[in-house]
Amino acid sequence: MSQYQEKATVTRVEQFSEKNYRLTLDCPRIAGCAQPGQFVMLRVGPGKDPLLRRPFSIHQTRADGRLQLYFKVVGRGTDILAQKRPGETLSVFGPLGRGYRLDATSPSVIVGGGLGIAPLLFLVKENCRLKNDCSKDLLVLGAREKIELEPLLADFQAFGLTIHTATDDGSLGHRGFIIELMQSLPLPAGCTVYCCGPEAMMAVVSSLCRSRAIPCQVSVESVMACGMGACLGCSRPAANGGYTHVCLNGPVYDAEELLWES
Amino acid sequence: MGELSPGINVLPDLRVNIGSLELANPVMTASGTFGYAREFENLMNLHRLGAVIVKGISLHPRAGNPPPRIVETACGMLNAIGLQNVGVDRFITEKMPYLAALHIPVIVNILGDSLAEYEEITARLAGIAGVAGIEVNISCPNVKKGGVAFGTDPAMAAAVTSAVKKKADVPVMVKLSPNVSDIKVIARAVEDGGADSISLINTLIGMAIDLKTKQPVLANVIGGLSGPAIKPVALRLVYEVAKVVSIPVIGIGGIESAEDALEFMLAGATAVQIGTANFLNPRASEDVVDGIAAYAVAEKLTSIRSLIGGLRLPAARPQSLIPMKNPAK
Amino acid sequence: MGELSPGINVLPDLRVNIGSLELANPVMTASGTFGYAREFENLMNLHRLGAVIVKGISLHPRAGNPPPRIVETACGMLNAIGLQNVGVDRFITEKMPYLAALHIPVIVNILGDSLAEYEEITARLAGIAGVAGIEVNISCPNVKKGGVAFGTDPAMAAAVTSAVKKKADVPVMVKLSPNVSDIKVIARAVEDGGADSISLINTLIGMAIDLKTKQPVLANVIGGLSGPAIKPVALRLVYEVAKVVSIPVIGIGGIESAEDALEFMLAGATAVQIGTANFLNPRASEDVVDGIAAYAVAEKLTSIRSLIGGLRLPAARPQSLIPMKNPAK
Amino acid sequence: MSQYQEKATVTRVEQFSEKNYRLTLDCPRIAGCAQPGQFVMLRVGPGKDPLLRRPFSIHQTRADGRLQLYFKVVGRGTDILAQKRPGETLSVFGPLGRGYRLDATSPSVIVGGGLGIAPLLFLVKENCRLKNDCSKDLLVLGAREKIELEPLLADFQAFGLTIHTATDDGSLGHRGFIIELMQSLPLPAGCTVYCCGPEAMMAVVSSLCRSRAIPCQVSVESVMACGMGACLGCSRPAANGGYTHVCLNGPVYDAEELLWES
C-alpha cells in the first residue's frame, strides 16, 4: 500500500456553478496508484491557518499523472482552494482509505447525490474498464438543481451506462429525491449498489438495499485530522459495536458495517 | 558520512541522554499522534527517530468517545479521543512485536483511573522485550478522589510516580498537564516521587461551540488543545520546570520544525516530542531530525547537548534605570 | 428603524445587565487593547460600544518594560507591556474628562502590588464623573506575599475583591487569570468576596525564543498570550465559571467576530470584551456590535439576553452504550 | 488627522532584485492625505496567520490615488506580499505616525541606507515641491550592492538634486559605508539631515550631525501590533527618560529625542 506526500501543481481550475469547482492537479505518484473511492488530504496553504489538511475524494485520475478533485466551497479551506491558479502548488497526501470493491460479475447501480458525485466518475471509469459491457449498469445522479449536474454529465455519458437524473426543483430529470427515482426504477437482478451522497440519502439508500437484499457500498465522511489512522479522530459507530475509523476502514463501507440513525 | 580529517567525524553527534536511556537524537513522537508507529512505516524512515511514544495504554481496552472527536481551532485543534486503546494485554501481544523489531527505543504511554491501575499496567509491561521506557500520563481523573486529575495535585502526582516507579524495570518519564497554577510544584513532586524524566506539556483544556446548532462541537463538550497555538505556553512551562528540577525535561507542544525543537532545547529541554505536526506532515518527525542535524553541522556543534538550557537572558535592565521624566503617554 | 406593526420594534434589543449596570449591547473593549479610547475616535463610532474598559491603571505612573514588548506567535501574540500607565491621578485629570463626555459606560481596569494599593486606587476613583465600573486585574503579583499573583490564590483573590468593593461606589468586575488549576474555586471566592461580575480570561503566560540570538524575544522573558489561539481555552473557562457563579460573567479571549462573541454568550457570558482584534481591525468592536444586531434580527430574537447560557448539550451517550465487541483498532 | 482602513487593489508588482519588491496599490483615501515618513499597516492575507498587520513606509503616492511600498522579503508576511498579483486586494490602514518635518528654508541632505530608501522617494518629491530650487539639496544613498540601488535611481534623478551613492562592494558609487561618503562630502551650510536606514547607520549619522550641530531627523523601526497607539508595544527608550512610542511619536524623530547605543 503506497502513500505519498506529493507537491502537486495546479494545472486547471474549472468553476461549474457558484460554489462548485473542479481542480486538476499534476500529481503522478498518487494518481498512479489510486483506486476509486479513495481520497487525498490537501494542505490548502502554506501557513498554520487553516492548520489541518482537508480530505477530498479522488474524482478522476489520468494516465498522464493528472488527478482531479470536485469540490464545493463550504468554508475557509475550500474557499482558498477555489482561488488557486494554474502553476500554484499544493501538498497532497494519498491515496488514503479503502475504496469501492467492484464486483465485475454483478450489474452495478451507481448512485450519487450532490457532492457525492465526486468519487463516482473514477468509479464509473474503473467499472467499465473491468467489464466488457456496462450497458446493464445504471448511474443515478441527484442534485438540487440542473446546474450542479449538467457540467459533469458529458464526462459520465462517455462510458455508455444508463443514466437517470433527479433534481429537487425538476430542472433536470425526475423532480424530487433520488430515492424516489431509485424506487421507481427496475434495478437489474443481482445488482450491487455503490453509493455516495449526503448522510440522509445514504441512510435511505442503504435501507432500501437492505429490504431488497441488495449489497450496498457507501462512502461516508467524518472530520479528520491525519487521514491515515494516527489520530483516531474520525470515529463512527460501527454496526457491531465500538467505533470504526473512516480514514482507514472507510471511507467506503458495506452499508451493513455501519450504524444508521433510524 | 566519512571523515574530514582523522578523528573529526562530520556526522554531528545528536545523542542525548534521558537518564539511563540514550537516544540517537532528541526527537520522539508524542503519544496519541503517531498511532503504534506502524501507520507511518511507508511514509518515513522510523529508524531515524530518537524514540517512539505510543498511544496511551490503559489496563482494559477503551472504545473512546463518540464523534465528533476533533475540531480545528485557530492554529490548533481540540481532541477528545477519549483514550481509545486496545488495553495493555492486546498492546503487548498485538503491537509490541512490531515495535520491538524496529530496534528503536519504544516508550509506552500509560494511563489509569486509580493508583492500582497505574501499578498493574506497569507490572504487566515489565520484562516485555522492546519496552525502553514508560511515560506516565497524569492528566487523567482519579476516580477514587472525585475525579480530580492526578496531575493537578502534587501529592497525587508524586504518589502515581512512585507507584509506577516501584513496578517499572525501565526509566519512568512523567508527563505533566499544563492546566495548573504552578507547574514547578508538580514537577518537583514527581522528581521527589522518583521520576527519571519529565515530559511536558499535555494539551490545554479547551472547548469549541457551533453557533448554528448551539451545541458544543465535540460530543465530549471539552477537549485538549494542541498544535502551534500552544507553543508559547509550552515553551514557558518547559523553561520554568527545567530551572527547578535536575532530571531531564522533554519539551512538547506545537513543535513543527527543527527551529521549534531547538528553541525548546535552549529553554532547557533535553529532547522533544512531535505531536499534532505528524497529522499535517507524516514525515514531520524525520524532517525535524534532519533539520537538527543540519543546524548542528552549520553551527559546528560537537554535540547537540551543548544547546540544552543554553538560553541567554538579556542583560538585566531594571525598570528603575529608565527614569520616567516624560512618559510617552 | 421604524415599526413592523404597532408595538413591534424591528431594532433588536441588545441590552444586557452587568449587575446594576445596563449596557446598550454586550460589546466592550478589553483593557490594554483600546488605549484610553480616544485613539479610536476617528476610526469607529465610539458611541456604539456597550462599554469601554481602559488600560490598567496603577496608583503611581509606570514606565513599563523595555522593548521588545510584543511578539507575534501562531494565531496569537505575546505582550509584556509591563503595565505602562499614567497612574490614577493623571488618569483622572487627563483621560477621564474625554471619556466622561462620551456618555458611554467607562470601566476602569485597576492593578496593584498590594491590597492597600488596590484600595487606594479605588478610593481615588470614587465620585469621579463618568466612571461606571471598576475592573480589578488580579493577575498581578502580590509583592507582600512573595510575588504570588493575587489571582491564583482563592483567599487572596477574595481579599482583593472585598478591599476594592469596600471603597468602590460603582459595580466591581473582577478579571480572572486563566493560569490556574481550578478557576471555579477562584470564581466562587471572588463572588463570595462581593464581586458584582467576573470577566475572563486575562492572558495565558507564554514565551518566545529567538534561535538566532539564543535569547528570549521579549526583554521581559515571559509575556501574556492573547488572540485567536487562546479562544478555545477562554470559551471552556467561561463555560466552567458561568455554571458555578450566579453573578454575570464577561467573556474575553480571541474574539474577532460576532460569531465568536455569540459563542461566548451561549457558553454563559452576559457580555464580551474585544482585545487583540482591535489591533487587527480598529473597527472590530463596532463590527461585532453590527454582527450581533444582524444575528438578532435574522434569528428574530426579542432580546439578545435569551442567548446567554443557551448552549445545548448533546444527548448523553455514555461510552458503555457502545459495546466494544470489535474495537476498530 | 484622518486615518482609513482601505481595501486596496494591487495594480503592479515589480521585482527589483532577489528579495526587493515594489508594490503599487490603488488606495486613494490613504494616498490622498499621507505625508512623507508616514507608514501604513498591511494585512497580508485573509487568515489568522500571520495575525498582525505589517508596517511599511509609504514609498510614494500619486495624485491618481496610487500608493507604493518598497519592501524586502525577510519573513512570512513579506513573502506572501511578494506573491501578490494585480487585481488582488489587501487591507491597508493608514496613514500612520509622524512623518518628516521639512524645513523649506534649509538645504536638505537626505540619507538612505538599504531598505531605508523606501520613504525617501516621497520625501524627495515633497522636498522639491516645497522649494523653488532643490539643486543645493543632496541625496546620499547606500546599499550592499548596485542591484539594490540602481532600479530606483531614475525615479530619484527626476527631481534634480545632487545624488551620491555608496555600495559595500563598490559596484556603484563610493565603495564602503555611507557614513564615510557623508564625511567626505561638503555638506551645505545650514543644512538639515533627513535619514532612514539600518539602526547602526542612523546611530553614526546622528552622532556625526550632533558633532557638527546639524539638525537630524531619523525614521526608526520597532515591532508593532496596532500602529496607532493602542497597544503600547512599540516602545523605544527616549533621550529624556521613559519610553516613546514609535507608531505615534515616530517613526520620524529628531535624532536628539532618542537614546542611541553608544
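Letters are used for the chains, namely A, B, C and D, taken in the order the chains are written, and counting of residues starts over at 1 for each.
We take it that a residue touches a chain if its C-beta (ideal position, glycine included) is under 8 Å from a C-beta of that chain, and two chains touch if they have at least 3 such contacts.
These figures come from a predicted structure and were not determined experimentally.
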item	value
Contact-richer chain pair (by C-beta pairs counted) among B-D and A-B	A-B
Distance between chain centroids, defined by C-alpha means - chain A, chain C (Å)	46
Centroid distance [mean C-alpha coordinates] between chain C and chain B, Å	32
Interchain centroid distance [CA atoms averaged], chain A/chain B, Å	37
Set of chain A residues in contact with two or more other chains	48-50, 229, 232, 235, 237, 241-243
Multi-chain contact sites of chain B, meaning residues that touch two or more partners	35, 63-66, 74-76, 84, 227-228, 322-324, 327, 329
Arrangement of touching chains [line / ring / star / complete / other]	complete
Of all residues in chain B, those that touch chain D in their complex	74-75, 322-329
List of chain C residues in touch with chain D within their complex	32-35, 39-40, 42-43, 55, 63-72, 74-77, 79, 81, 84, 227-228, 256, 276, 278-283
Chain B-facing residues of chain C, complex	35, 61-66, 73-76, 78, 82, 84-86, 152, 179-182, 204-209, 211, 213-216, 219, 221-223, 225, 227-233, 235-236, 239, 254, 259, 262-263, 266-267, 310-314, 317, 319, 322-324, 327, 329
Interface residues, chain A side, partner chain B - complex	1-3, 5, 43, 48-53, 91, 93, 222-237, 241-243
Residues of chain D defined as touching chain B within the complex	48-49, 229, 232, 235, 237-238, 240-245, 248-249
